[in-house]
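Each chain carries a letter (A, B, C, D, E and F) given by its place in the written order, and its residues are counted from 1.
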């Protein structure tokens, strides 16, 4: 693929990549050797999934959801040279935090890592009298700091935008409840200082019209929004409820570059849905849960990491122009 | 198998068929190359299942439940030369309907096609302020017409009988509610004109006796009833609830030829239950859902199409005499 | 109140009546000596409510829901000279029915009595593998006959119109489920012969807009529709769910005289809601459930019988012109 | 009662008051002519309750929850000379708001009015894709302004503190879900500008220890915190779940004056629980819901307004020294 | 009433009593000055109900369920001279128990007191990792001892028989679950030593036949079985579920004198159901819950104590011959 | 592995065995040719799982849960020479029982076989007005006798200890309710005679601390406790609830040899969790359910039989010293 310049961002010539298989008409396709991270990549792990990868130095770093064999959810650090083979720590990340009231949390899960300037911010879902959106950062993937929680409980699937918008930090999140929530929409919030948040705006919700069912129950933000010439490219997950529970699929939308609560296009179809055995079976059957995306501005390549069946981590690919074109052509707000 | 003359109907020498595997003691057995219709047989499909096939001209035609990638349920037309390899339309069937109040329905699913005289009637479950039983017809599989809905909401799994009984059109259906209904019995209704329906009769219900558990939660009619010298042969689905949701299996019964609300025999066992990976995993794990049956009166062969895991379409076979004998020997009303 | 001629119907000079209290601004007001029928009006009764009264000879007759002390729901006949003091049978009505399949029902409740021509039809909710709409009639309140059930289960709150519309019998009903249904809308159906029903149309539903909450959970038809020069006057019940269960109130609408599925006006407020101790406490706290209405075409007087707390029967009054004016002025479809 | 100087606040010589009945040993006692505001104090009201009263000029003003006869929840303004007899507007308050996205809310309920400096702030629960905490203000009870919502949905029972704490606005709220929430704890949040909020802290929760059951299900802040020499006096509601739903009672606690998320004392008993017929019956049986408190710093008198059965408004009294002594003596954190 | 000799037991000439009101046709009638024990009979009580009274010395003693103002359930001792006016302790009973594993229970409720020989045994429902049947005794109502719990959790409404049957102690109980259980039948168990229990037998269950609805949800044993010449007279409670929760009524049955798991007669109607305001409203509306019965063998008088609305204690009367005759005449097993 | 003498029991040189795979670091590992008993090992079976195997003569005998094709749960006898290949009866075991009240049960499932002295006792879960713990025995696997049920309903997962403790028979069980119970802890009970049971003690419960999630919902005893020099080794199952239902895993603990209600060590991780396709898919996806264990005291070998996905039977191995060491090192009570 030639230089597209649609993605507004950095070059990433070493992005993990595999060309689309011949004959495939999908805009998102799987890596042929999935899962890239198996459930036992760390010897004490029960499962490794819903994980966040970013470019770091001449390779990649990441924060990984790693459930141990007590099924306790932990955040682990990992490194990779090629974005495919990962070394993952056997111990959870220890965050430095001034205030033990929030620093002593029991569980953290579903991390996102967002580079803003030269700092790597981390959002995750943690426990503070219910699940809420936590915020931390690291400058070197050696020392990690935890800041104030961004919201009151109950909230999940928070992810910062990769730059300030109109001078403010911006975030998506999904207000929630205390259980396996059967509802959920994406909201926007902003902040001057990453500590005090406001101007909450509804962005988009589960589809209740009876026409778009794959995301009828709830939706939640996935990877860090990708800045493009067409607006922010949002890759997210949507959930349908069958008589046998939830199925999580991947979808995408494009929102306004300056007012990210305004949805310009939203694909009415899923882009990746559980079909492979490692997505259909595992700790939670039928889950495709995107959490991170790498992009190469020179070529428009996108590599998406996603949790598979709450058990292992898969990798999928897309090409930005083709993906945006698809979203526009199949859009239904 | 020689000419049995048990089935009262037409010859179908080109019925799709595969002999029972050596050593198999089951009365219903799977086609070895299942699924016959994969989830991607149409390029925009998420899944193709719960589909209705009938002999047409020198081959076969059908109406197929095809969920698109929005998981919107649509009805599609398809043709096949051999009943195994199908060409399926990429667009939903458009029904001609005088009254937009009912003609503009959002979703149609789980079709049955019933030939009465020279006309092909179609029942399906559609949305009209809740799910109800819709009725349409075609004479040529080119032009389709929609008539009045047969029942008020909430109802599902409606299927006409293939001829009038005592001068009236006859139908089975399964009164329901607005969700993933945890109950459901089969009822009979009849009509002079296909528009006004009455004389509703209870036929048979889920088994609550603690002895026959595979159909403890609910049951629903499947393929068009098969006329035989022993009565109408009814192939249906039954549902058991485990701690992980519903499992759908196939069962069978024989009802009175003139009063189809009187059950004469009913097998207390399932005849086909999810065992293969394409039945155990998919959009809804653990589903075997029969929707159509082809029969050859000369040989007694029966070919049953069934939805597998709400994802693809499987084919199974039986022989009428053996099947009826089994039902009688294992009957419990 | 002078002769209004708004009601299209018969004179009823002996209609029970009490003028509106001075200072009262409501359009529906209670009888000051409510309840008119106490829970022990029959010696073996636990409660008497949700009952249907019609003019008969020089007084009144009725069919009453009478729960006995086993809380078994029965239908009882009663007579009254003045519409206020009733003599109620100690034994249930025995319906003559050709077909024991439907005639041997266990429970019947919530009756409506509709005079069409010289015949008194009775709708009630009875048990036939679930609750459904039953139909019977009497010519003399001595002998009662039962006809075919009108619908499949599950359905409740069925009531016929008091004359044919465009040559067909017409009915409202409320499709339901098998429990204490948390949803429910009013539908229209019609029939040539009172046995076969079709052309089902949605009429109006529970209000889900967040603005009209007293009927947010479900609604159901109440007394026989009242024909007026403005259209059919529909008195119905609506239900709100609080953290302590359901509250039933009385509302009203006006529908098209020829197409009764078209709502012309619908008051967005309740007209009578539980406020008196006999409505707030009893077998089911917080229930006002209108079931019958007497009208005098000469004066426009309306007398409404309603169940109070599933325990006793209350009486309320309205004046047709004032009521219609109120509905129009407070209408929200 | 003599001058106690325990309350840090203003004099209110005209506080509504009634001495404790002879022989009464309770620390909170009812006004003998309750309810002070009946459900029909406004002609179009269904009910008036959960209302907020403050001293204003030489009398009192307030914002009242007034459900109209559609059971639509509205906020109404009212005035009173003596705090007992109120004139309540027939129309909802119209808030001026720059941004229709939040200004066009459907329902507002359960208001609190908080005087900070010379301005009267109003918190209420409103609808913005779910219930959330709204904020408005007025300087004169003539013109009302609405500001940004304080939190994302889902949240209820928000109430500001009556002055800044350590230079920041402070608030209690109760994170919630989208239904009749069966859980709920009180949290603290703070802000520099009333628009952006953070530093969220858990304050106290429902009691799950099996010993203090009246508040086992959920709790929520009530009137504006009362500043005293012992700390902030918090009057709140607690909920127990019986087989027939929720019962709301009144409780009290004392929290740290500078760090209001630190609870110093908390009475383990309720102080007022539904016993009177206007508390036991009504729109929601068994509700005592305190929403506002007047105090006289000279005498230590406290007058508490509380919603009764979601129907009318009651008034109760206490004396600050006796109340604080009781909380301390019966404290269990 | 003359000497009937139907009751096999002791004389109790000072039994509290009030003759049946003139015109009353019920077999159980209320004391005209109910409630005999008000919710505030002890100054720190929230409510006093579901209580057990026995003859003691020249008056009466009892163990009372007394919820304090934290709604914590406690057992309190009380004495009465006439069975109508009671002195109730302000502190819970302290049981002496060798094993703190069971002796340190958090809550005890719904006691029954059973005199076997000269010892007074007490059954109650207590907390031991769930609710279970506790057992204690006293010889003098001064010192109380606790023995081993009779059953594993979850169980409620246990009551011993007043003498050994075929040489073994005998008990009724109601297996349950961990919440507001929506099911429940009465079972029989026996023991040689009051510590090890076995030979469990089903006695009778909730009525699911659709004809006897007042006890459709669950039933549970009430007062100590009364020995008569006709068998054991069992007074119990039954529960119906309405859309607004549970309603508890009183019923009665007669079981075999030697095999108390064999039901001989069972009245299909309730004998006392919530009708009075102190039964219809209170902590739990609509509860009549019998817990104790006094009998006079000389006259056949029965005095029944019952909890009213989980708030106060009522007293009702019956005459043994009339009651037994009624049960026989209205029996349905 | 050399002679460890940690297990206090008999030699079993022919224990089925397979050494741990090279590189495997788990303390429990699967047999490479699982499942050892397929769902169709008996021609009329739907599934065979949750089964109990003991040494018998020169081979092995067992009682197997075999659901037939009606999904009716039955107990079947089986024999094996090597513990891997089994011959299973086609008909259920017929128990001789003096009392048809308990002997005529509808379903029996999840058996355990316990050798005490020379007698083989069988616990299972059977239906007696709800599920309860049944008890039977055989001396020769030819004739089977049924004794009194051990507990009232509702109870499951009962298993006797293999010898008396302090002179009494001892048992673990899991009090339950009437559905797919979402809670459950292990309790201890004891008896002099196997008929009357008492001295009930709590042993250990589901983990609610948020740190050990794999057993957060419920736990239940598995194979017969294994006597060791360190205490009783308890292998049990634990359940986690995901949005798609329950997942069953295997865990282990060590309890006091004389007071088996005192837990000394309890591994906080699962030891075997669904990972293989025959565990992840089947009648109930995601189930590993241990029911029996063979031990060889000479070598410390343990062979564990476990149900896989409620469909087939798997075999896993462990070595006692390594297992005990692991439990101690990873213990959290």
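Miscellaneous remarks
The definition used in the following text is that a contact is a pair of C-beta atoms (placed from the backbone, for glycine too) under 8 Å apart; a residue touches a chain by one contact, two chains touch by 3 or more.
Quick caveat, the model's predicted, so the values are computed rather than measured.
Listed by label, the chains touching chain D and chain E alike are C.
Between chain A and chain E, the least number of touch steps comes to 2.
Averaging C-alpha coordinates per chain and comparing to chain C, the farthest chain turns out to be F.
Chain centres here are Cα means. That of chain B falls 40 Å from that of chain C. Contact with two or more other chains is made by residues 244-245, 277, 281, 285-286 of chain E.
Taken together, the chains touch in the following pairs: A-B, A-D, A-F, B-C, B-F, C-D, C-E, D-E, E-F. The touching residues of chain A, when paired with chain B in their complex, are 25, 209-214, 216, 240-245, 247, 268-270, 273, 275, 277, 280-281, 285-286.
For chain F in complex with chain E, the touching residues are 101, 128-130, 132, 148-155, 173, 175-178, 181, 183, 185, 187, 189-193, 195-202, 205.
Residues 39, 43, 46, 67-73, 106-107, 127, 180, 244-246, 277, 281-286, 310 of chain B are the ones touching chain A in the complex.
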